Amino acid sequence: MNEARLAVRSLAATRGPATLFRELSFELAAGEIAAVRGPNGSGKTTLLRCVAGLTRPDHGEIQRSGALLFSGHLPGIKDDFNAEENLCVALRMRGLQPGEAAIHGALARVGLESRRRVPARRLSAGQRRRITLARLALDDAKLWILDEPLAALDADGEAVLGQLLARHLESGGLALVATHHDLPLARAAREIRLQP
Amino acid sequence: MNFFYFSSPSTFFRLAGRLAPAFFILAAVLAAAGLYVGLVQAPTDAVQGEVYRVIFIHVPAAWMSMFIYFVMACYGAMALTFNSRLSAMMARALAPTGAMFTFVALWTGAFWGRPTWGTYWVWDARITSELVLLFLYLGFIALSNAFEEPRRGDRAASLLSIIGIVNLPIIYFSVQWWNTLHQGSSIKLTGSSMHVTMLTAMLLMTFAAWMYAIAASLVRVRSVILERERRARWVRDLGRT
Amino acid sequence: MSGLAWAFSRDLTLAWRHPGEAMLTLAFFVLVASLFPLGIGADPQLLARVGPGVIWVCALLAAFLGLPSLFASDHADGTLEQMALSADPIAAWVSGKIAAHWLSTGLPLTLLSPLLGLQYGLPADALVTLGAALLLGTPVLSLLGAACAALTLGARGGGMLLALLALPLFVPVLVFGAGAAEATAAGLSASPHLSLLGAGLLVAAVSVPFAVGSAIRIALD
Amino acid sequence: MSGLAWAFSRDLTLAWRHPGEAMLTLAFFVLVASLFPLGIGADPQLLARVGPGVIWVCALLAAFLGLPSLFASDHADGTLEQMALSADPIAAWVSGKIAAHWLSTGLPLTLLSPLLGLQYGLPADALVTLGAALLLGTPVLSLLGAACAALTLGARGGGMLLALLALPLFVPVLVFGAGAAEATAAGLSASPHLSLLGAGLLVAAVSVPFAVGSAIRIALD
Amino acid sequence: MNEARLAVRSLAATRGPATLFRELSFELAAGEIAAVRGPNGSGKTTLLRCVAGLTRPDHGEIQRSGALLFSGHLPGIKDDFNAEENLCVALRMRGLQPGEAAIHGALARVGLESRRRVPARRLSAGQRRRITLARLALDDAKLWILDEPLAALDADGEAVLGQLLARHLESGGLALVATHHDLPLARAAREIRLQP
């Protein structure tokens, strides 16, 4: 089987008059996690979107193998759907069709079982984030790209994210995470620093 | 010679600077000749009298309005397929000239319609589709300026110009598909129903309009290039020398 | 093809959550169509003459009304990003979205048109032509409209820019659709017009999803 | 009154973010108006008869077009909360928003209507009536439309009912507006219709902002 | 002069089948700050919206004196306006009309001076948040109600918020803040705990 990996070579991105980063290179092998760090506006989101293939970099090369899961600042949650439906739709977009039990289990795991049927517009900020966590629990993509996954989560939510990340890495997954806070992981993550 | 030599903006900028005056002069000469033949030499029309002479502006403008759109769409297609910046800039530079000719065709047509049809405006298929062409031009201009990133505007507007090309056959064939007030083609490849001097004048005016369109878009593309590349080294060097 | 399926069912479910929007389109259609007899008097001959044209223009406007929301909310809440990253080709799920849009605006309108045509006193053959032309024409409207909606995502002009782009592109459809009705009224065969519409639909269905796809990629960049 | 002022200037700035956008409204209006002759044929007499109706339909459409975005985007991005907490009474800034909406949709349309009427070959007195009726009627459309938009914000899912509720509100404006044109065409005085429209405008201007205000409070709850 | 104060008495709120809180009472005097804490979905946002008057509680009484500034999960920032315009509009809503220099100064203080003219849709998540911070710097409301003000901010942004809060409290202001993180304040804040 082909192992998942990510290689970024001499990437550069410009926004308006400013160069956000240039000559950025790094590599991730199976089971590795990298934390992208830097002050506000330093280009973390831009880097993640480049790696995901949403934005075209000005220069450089990105090699990915394996499926990809991207979770950005905008959670992509429809106010009119409830948690279950939002989760189903997100997974179907990735080509997955988990059974009812699996969906139920994932929502229970992130603490949303009692709010499964509440339309997302009525959920609290953290509960909306937890739908994204449930998605992580069910998706089998090898490369996770997460932009501030800790936003709006309480301590319990952070712990759940930590468990999910640990399991993902153990099973040979890769993760690229932009964050201002410490990741809830036992082992230290590689750091990619962006200067303002 | 390398075919893509002139597709670098900096080289094309200089080339356009040298060519534009030549085309302007050509346009002026042709227009002067056309107006002389059309206004002085051509005979007075038996039915319409002097007012028919609007035709020497109306028809060239109407032809150019369609032709320029076609050229613009070709540039748009090139911009999307070869991802060439210069083609997108050319499409952008052509649009205002095309819109101007469309407007002139509409205006002279309306001006002409008053004495001949007794009204400024009829909702005839050709006239209406010419109006629609004007809106396509305006849409192109509006869309290409609607984004902060000029590149996005380029790409979106190029796509639009390609989609909009379906309107051209409709304008052109409208006189055949529907019986309308507007008259059909009188110039055919095999023999023409028109007086020779009239035809000469019309062709001269058409070429004048064509040359003017080229010259105007060259001038405009220069300013587009300057604005777009203002941070490039060669533009800053221009300012210094 | 699975992309087409999920996007289709998702958008249809969402539309069903808010039947108001689809109803607004329909209501608008009926309102405008029934305003005309009020505005121009009840002369049956006159009504029969303008009927198909009025119905076509209403169809055009109704198709236009739903366009701004076709991609905008998915763009604003990040769903479009997720879709663009999905394993399915972008043209597939775009087709699904467009199909759902047609099903919630174009189709009800087509189904309702014979009823309106009856109100205008159209003869039976004209009703058939009208229905057939709308059935072929409204999907083209949805397709072209989707392309314009995708092009204007994130643009400064908003709905008005969209109108400026979409309505001129709608004109050919209107011309052939109304032409079919006119031909029938004149006792001629409507099939040339209908086959032109059909050809247009084929071409649009094959090419537009790709155009929309690249417009969306441009918008996300 | 300061609430009216800031909401008005803010919405106007937003609407006319781009200088060319003012023109787009007019372009849109002309476009829609030119669709009708394409659909129903170019017979001048026919066009003169349907002219006022067409122009009223365009007015309705312009009022509709801006509605979805009137409150929805402010609701989605939290601006509505901030506005509701502002020191000014809610009815004041709601009036400002509605006035801006009218100024960017209804007014340009009213100003352009004589020109379009000319193209449709309407006589001079019909032009005057049409302009006057639009001047009185379009603000009513904006006001009623705003009320509907605010109500749809609060009632999720039940939008269908509201669309049906809104229709009876719109029809009288259209009926009196078209009636004024008809009266002029028949050589009668249009003033009864116009004064009814004027009365409607007064009532709506005084009461609707309060209704909209409480609808917004419900939506935010 | 009337001193600003806030008194909440036996407040209760129900959402769907669940009672979020009940018999909640507290009081804040001039210069006091209270942190509302609790896991995701425990009702922090609901409490803040009740106090601000946006949501009607099921039961209880709220007494406020003085002007109020509310900053919720949704920042109320228009994508089409740039930072300057967004700030101006937000202040005008509150009846304030600061001069150009003041606006400029506030934006410089939160580190946005170089991005003043960039439309908000192009700003990074943290930069958008900082527009809200600039608003805090210019507003003279006595009662601040902030819902997760730390979201998306980097260390520097947190420090700026801390200074703003400290100055506000010194000048006799009140603040009610819902947060999952520690507030960047020297002194400890009163805590209001919500149970899930």
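The chains carry the letters A, B, C, D and E, assigned in the order they are written, with residues numbered from 1 in each.
In the analysis below, a contact is a pair of C-beta atoms (placed from the backbone, for glycine too) under 8 Å apart; a residue touches a chain by one contact, two chains touch by 3 or more.
These figures come from a predicted structure and were not determined experimentally.
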| item | value |
| --- | --- |
| Interchain contact steps from chain A to chain B (minimum; 1 if touching) | 2 |
| Homomeric contact chain C-chain D: same or different residue positions, threshold half | same |
| Most extensive contact between chains (C-beta pair count) | C-D |
| Computed distance of Cα centres, chain C from chain B, in Å | 31 |
| Where chain A and chain D are represented by their mean Cα positions, the distance between them in whole Å | 45 |
| Chain A and chain E, separation of their C-alpha mean positions in angstrom | 28 |
| Distance from the mean Cα position of chain D to that of chain C, given in whole angstrom | 24 |
| Multi-partner residues of chain E (at least 2 other chains) | 73, 80, 122 |
| Sites on chain B at which at least two other chains make contact | 125, 128, 132, 135, 138, 142, 146 |
| Residues within chain C bordering two or more other chains | 17-18, 76, 154, 156-157, 161, 164, 167-168, 171, 175, 221 |
| Residue numbers on chain E that touch chain A, as the complex places them | 15-16, 18, 38-41, 44-45, 73, 111, 115, 118, 122-127, 129-130, 148, 151-157, 180-181 |
| Residues of chain B defined as touching chain D within the complex | 119-125, 128, 131-132, 135, 138, 142, 145-146, 180-181 |
| Chain C-facing residues of chain A, complex | 52-56, 67-68, 70, 72-81, 85, 89-90, 92-95 |
| Partner chain C, residues of chain D touching it in the complex | 17-18, 20-21, 24-25, 27-28, 31-32, 35-36, 38-41, 46, 49-50, 52-53, 56-57, 60-61, 64-66, 68-69, 76, 152, 156-164, 167, 170-171, 174-175, 178, 181-182 |
| Of all residues in chain C, those that touch chain B in their complex | 144, 147-148, 151-152, 154-157, 161, 164-165, 167-169, 171-172, 175, 179, 211, 214-215, 218-219, 221 |
